[in-house]
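First the structure, then my questions, so here it is.
Chains here go by letter, A, B, C, D and E, matching the order in which they are written, and residues are numbered from 1 within each.
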């Protein structure tokens, strides 16, 4: 019952949003270069469906590879930070510096350093998506109940066991929060990468249609991009539902009938 | 041979002759397979060719000169657009006739991401405009929407890009060419890495020949060029593309070219460009322009 | 399973770092624990009983003094699979069910067991603890006493050589407590397990153990070590035996003055 | 401070949603609690004692049945500042010191007090509980019994009209336990406080309370309600009184068969 | 002792990093337009110190205002999400969609919608920095020990008291993790904003020197940018030290002597 009305509610908000948009464009005679109407965008999407689908693939590849690279490396670094004070103290300043560097400013240089095609896109996506993984995972790993670890110590368990049986499950909610943030950042990264360093992909379509002031096509590509992104985000949500047992999901807790 | 070439920006009908050359097999005739890539501004293209990440580039001459002065080994083999396309664009209902008077109280959009802003600075100096009487705002890639939204009263951009796009979007705009304000400089040119040229003089010659041939042929067969471009870029705005191509082709003309051949350039032309850049303040010192261009590969 | 080691505690001290400077929790504690014996530790709240157990299990390192197992200093590797620990808090993994929580120790400490064996063993103990029907509940769906029982099962299920129990039966009703006491004694008699048992109940200490260590607080010190000579099995009626009453009274008197002093301090 | 309300529990049932379907924790429980009385609840682990207390405090809403305070249904607003609750777990705020934790309730339930008054009151109770010198420790720097004592102080310090105590003294040694029992009785006698007290110790229930509610498990039901007629103050010697022994035996027998049935189920 | 050697270690890593960079540039004859040597950059910073300092101000303003806007609005939304299932269900999809939209692509449109100067920069910075605040804060607020809240209920405490005395302190570690992620994102946002929509600020310097191929100046501005960012990041770390009592800081826990 509740689920159904929520879905309806979400749908309604969507419809109202687009209706207002359409009306505003119509009533205020806003030119398509400034803001195209939703119907015009929809039309453009339908017209260019083959193109948009085709261009989605390289973008998808860049996002997923960049994301995976960020997750793997970020996770490993977080483990280092959580378990070794030296690693933490020696990497933190550089980590932060690296995160603060406006990577977008480097994008043209990336082109020169990493060549064309997939590589620079993946690098940018990974670089942008990396930081939240490190911060959140390290936080999760260090917030473990100390007595639980002591209990494992009393069993003479190995560090590896403590890690897999206690710390990792404990940190999972933190990690999933990070994954959700990072996937969206990987998307931004891949798009930026495609702005500067690619002749294909949705980012390229967005950029080139922006330059040629083909605003409808730009919006069409942005919409496709968003749909792609939402699908990837949902994949993570599903993974979370699957991996986090009942005891750890947000909406669990004491429940009376 | 496979030769890569990076253009200045995303594909537009200003690149139609290149698509035509590929389609007609001019490059194939020279035994060359072309790897065509869009660009992200002339400055990036210049850097990439200087770094040998692309064999050829198609970018504005000012950027080539700046990059060469900064130590990148660049060699221009054909100056395609002989005239400066930069213009002050404004809606007809808020006309600007006399720069000195009509700009007062207006907001001018400038593009920081291109040297057009610097050219505008030179114009302001040359024409002794009082910059305090009007307002300049950044407007990269958004001259037309901003004009359309009334956020700016005039914008600096390429007339064949921003100007024509505005018209294609149904706005009634006019423009003053910088060429007519005394900024006579070369525009877009074909260039390569000079080390690459030294090692492969024949390849460079063949490539340049096919490239220029495309432009000559396009000038004579404009509809065919347009068709080739649209075929390769089906999602393009066809009205705008059709409007733009003849204007671009017209920019290939000059007194010099009419006497010699398409793509030809002169020491005077390059020196005048260098002079302008010096005045604009983007070039710290002079270099010998003879090292950065040659007409040798035009046959 | 090997024999339980002889545990020698030599001059053991431990100080905690606190906001207001170091705090001595244990002060030069020394005693021996014979292999296979049942030792109870009693003492006022905060006297360092839990701390002592954490030192014995290798969780804490002493500030000074040492602990020897069969004459050799304790090492983490050698402890593996030897020590079962019931913490004062239930300390269950919130993402594991009761059953899975009990299986945790076996996963770590008894690698040779198959999954099925582990499960069978865990189920057996859960049933003994009266938790049949609650095997697949998550900790937050169990009552406080039930959580504590899961924690006890977890320690007993893998049949360790040394069993450290920190007030294991404190949260249980008399009946459940008696059932588990009997199970514990049975396990202890059948195997060569050494049990170190913390309790606040003097009768419990007297009924269960061979030796009682009485501690005092601030700083935590051993006041006296008492041998409990009553024959086994000690039935409930032993409580009325005059020796029993006398011993309980003696222990109470050992705890009294100190404890009152603390309360008034 | 007003008078404590008469509490009427009518046909109270509560079922939990679990992975394996609804689980009835309390089944049609009914009884009255007179204002200012001292009621103990005993019963096997998992029979629903804590659940009952959570219902009384308004934390849970019943699946059916109701609770009346002076004939009116409980409302959260009216409960404010009336109910002191000692949870089964110590449940302290990890980021507050012992003192700050005790002050928490007063901040919430006794707004009229000044900061200085709160602090004085909190310090007084911490001292009674033998925690002098530990006021500025964080919970993780305290022993288990100390944490529990802080939690008791927190509930007592604001002098509520109704005091719900879930095995408050379970983790304490006899001496500390006696001290706090006495303090509790004194507080109860001096003020008009109603106390509902959960314990696993039958003697403790008999010594402290005016009425004992005996519960059985699965589903949680009231088996019997027993009035405790012994005059006060009840000294330790009352334990030997034949009436006392008989009553304790009776309660034990009420708990026995059921409990054994569960363990064997 | 340890602190001292860590500082030395960090310093050493820095020195080695720059030494290798300098050497590589020197040995491989890398042209300054492609990658200038650290010494050349340092020189450029010194030469242009007045300019860089001046241009830091607008950037600083954009970052801080955008960050504050993101924190305030993100926090409020997170509270709504944590406490109201309807708010959560109705906003989540849009939140995610908004996060996934390549806001950078919109940057030119922001000019049209929000005008020039500070506003579009703040908007972009806020939009990019917003998401982690919402996700992490909501996570923190919903992960509170349920029995603690029940305890407060038993006291008849108001929702506001439960919030300020329990949920908020409980969520603080999560919130600070988010603040650390977000400040760095606000920096990226402000720079992107300055790339397209400003005639001043460090982002503008980076962009315009990139166009004139003045790569040394571009790096000089990037370095200044990073220093600015690190200072702001450190401000948050200090705030964290100050606000999180001993019991909640990462390195607290049971400590024997």
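Annotations for the structure displayed:
Everything below uses one rule, namely that contacts are C-beta pairs under 8 Å (C-beta built on N, C-alpha and C of every residue); 3 or more make two chains touch, one makes a residue touch a chain.
The structure presented is a predicted model; accordingly, all values stated were derived computationally and were not measured.
Among the remaining chains, those touching chain C as well as chain E are A, D. When you average the Cα atoms of each chain and compare centres, the chain farthest from chain D turns out to be B. Chain B and chain E, compared by their mean Cα positions, are separated by 39 Å. Inter-chain spacing, taken between the CA centroids of chain B and chain D, is 85 Å.
Between the Cα centres of chain C and chain D there is a gap of 27 Å. If you average the CA atoms of chain D and of chain E, the two centres end up 49 Å from each other. Each of residues 16, 19, 89, 138, 140 in chain C touches at least two other chains. Multi-chain contact residues of chain E, defined as those touching 2 or more other chains: 34, 108-109, 112, 146-147, 150, 195, 207, 210, 246, 253-254. In chain B, the residues that touch at least two other chains are 47, 51, 141, 145, 149. Interface residues of chain E facing chain A in the complex, by the touch rule stated above, are 6, 9-10, 13, 34-35, 86, 89-90, 93-94, 96-97, 99-106, 108-109, 112, 128, 131-132, 135-136, 139, 142-143, 146-147, 150, 173-174, 177, 180-181, 184-185, 187-188, 191-192, 195, 203, 206-207, 210, 218, 222, 225-226, 229-230, 233, 250-251, 253-254.
Against chain C, in their complex, chain A makes its touches with residues 145, 147-148, 150-157, 161, 165-166, 169, 244-248, 252-254.
On chain B, the positions that touch chain A within their shared complex are 9-12, 37-38, 40, 44, 47-48, 51, 53, 141, 144-145, 148-149, 165, 169-171, 234-237, 240.
Residues of chain B that touch chain E in their complex: 41, 43, 46-47, 50-51, 63, 66-67, 70-72, 110, 112-115, 117-118, 136-142, 145-146, 149, 151, 282.
Chain A contributes residues 31-34, 48, 51, 108, 111-112, 115-116, 195-197, 199, 204, 207-215, 217 to its touches with chain B in the complex.
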